[in-house]
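Labels run A, B, C, D and E following the written order; every chain starts at residue 1.
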């Protein structure tokens, strides 16, 4: 899984039937300093997340599992909302083990 | 899923039988500013998309699910057509959480 | 799926039994201008492709589906031979939507 | 699989039911010199790993297999703790074959 | 599949039960000139490969298929040993089609 921030929403009238009623959230991956890194992706929400929240997301079969829709046209889903992260600054740095 | 723009089509006479009759669309991934990012990929259309449209695409099993062809030689499909995106410019920026 | 050019072949005597008899082709991914982009990968041919041809390839389960070998140690396959591509030069450019 | 270092933990009260009780560890991928490389990811622990340890992690179905939870919303798991690595410095270098 | 060079081994006492007895080899991906490219990954051997050999590896379900262990916590495996590669230098170059 990865950590990201929900930064927007998408409206799509024509879409796969498995996406009807799904909340489509644009999620920006974050690095260990909570700065944006890499490209934002489109996720289906499974935990009641909203714009501005820091979330955990999963991809592939894990996303369909979260939504209990193994036959869905879905490859990414928000599966948790982050309360807090505890990161060891020395371990996360560039120092040798 | 990701957001992209359909920029072209491919014709292939010799191909896997599961691709016969499929519309093969070249789709360029877009970033949050709707600018091209990364490499274009080849998708099978499942929602009636055409060149010039902004679309949602999915990969892997999700693509085969969209086409109801779990045995197909397909790993990417267009699964929606974007009507609109609403992106929070501050959240999408580089500001710290 | 992606578009690539077959640039070589590999011979391997010791290999997984599912690869025995398979044609192993080194395929270089191409960008929208048909220039090499990213790293070449090794593919199993499923459509009679040969060195020098521009092909469509698929990865993961889609590759095993193309070869009708779901139990194979194969994660990439050539699934079509490109006759022609039609790419809209303006859409494929950097112009804003 | 890949090698990484556990650098932190995440607390999430609202999450998929398959993540309840799971230990969520932030893991930084390491290169051959044990230096950080690429982006840290969030993993579920399956072997009793803790912050500061060098671990082996797996992604996708392999992660769900490690946790014996094929229906879980999990796409990455720690599957081993590294005791030692033996790397041939010449082979790992840039010398031609 | 991809081509790589085995550059080292890993010892891990605590690990998923599906990895017990498995030979864990650190494999460095190679480009068309047999130079290292990208990050080394950890693979399970399925063909009797050893340090210094040029190998073919596969990822995801293909790796578990090679090991006949579909329930294993394994996402990468060595599936062949390269005897020789034949690469067309002009095709592999940057020349336009």
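We take it that contacts are C-beta pairs under 8 Å (C-beta built on N, C-alpha and C of every residue); 3 or more make two chains touch, one makes a residue touch a chain.
What you see is a predicted model, and the numbers here were worked out from it, not measured in a lab.
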{"item": "Graph distance between chain C and chain D, where chains that touch are linked", "value": "2"}
{"item": "Count of contact steps on the shortest path from chain D to chain E", "value": "1"}
{"item": "Chain C and chain E, separation of their C-alpha mean positions in angstrom", "value": "18"}
{"item": "Centroid distance [mean C-alpha coordinates] between chain D and chain B, Å", "value": "30"}
{"item": "Residues of chain B whose C-beta touches two or more other chains", "value": "60-61, 63"}
{"item": "Order of the ring members, counted from chain A so that chain B is second", "value": "A, B, C, E, D"}
{"item": "In the complex, chain E residues that touch chain C", "value": "1-3, 29, 31-32, 37-38, 46-48, 56, 58-63, 65-66, 77, 79-88, 91-94, 96-97"}
{"item": "Residues of chain D touching chain A in the complex", "value": "5-16, 18-19, 24, 26, 28, 34-36, 39-44, 51-52, 54, 60-61, 63-64, 71-76"}
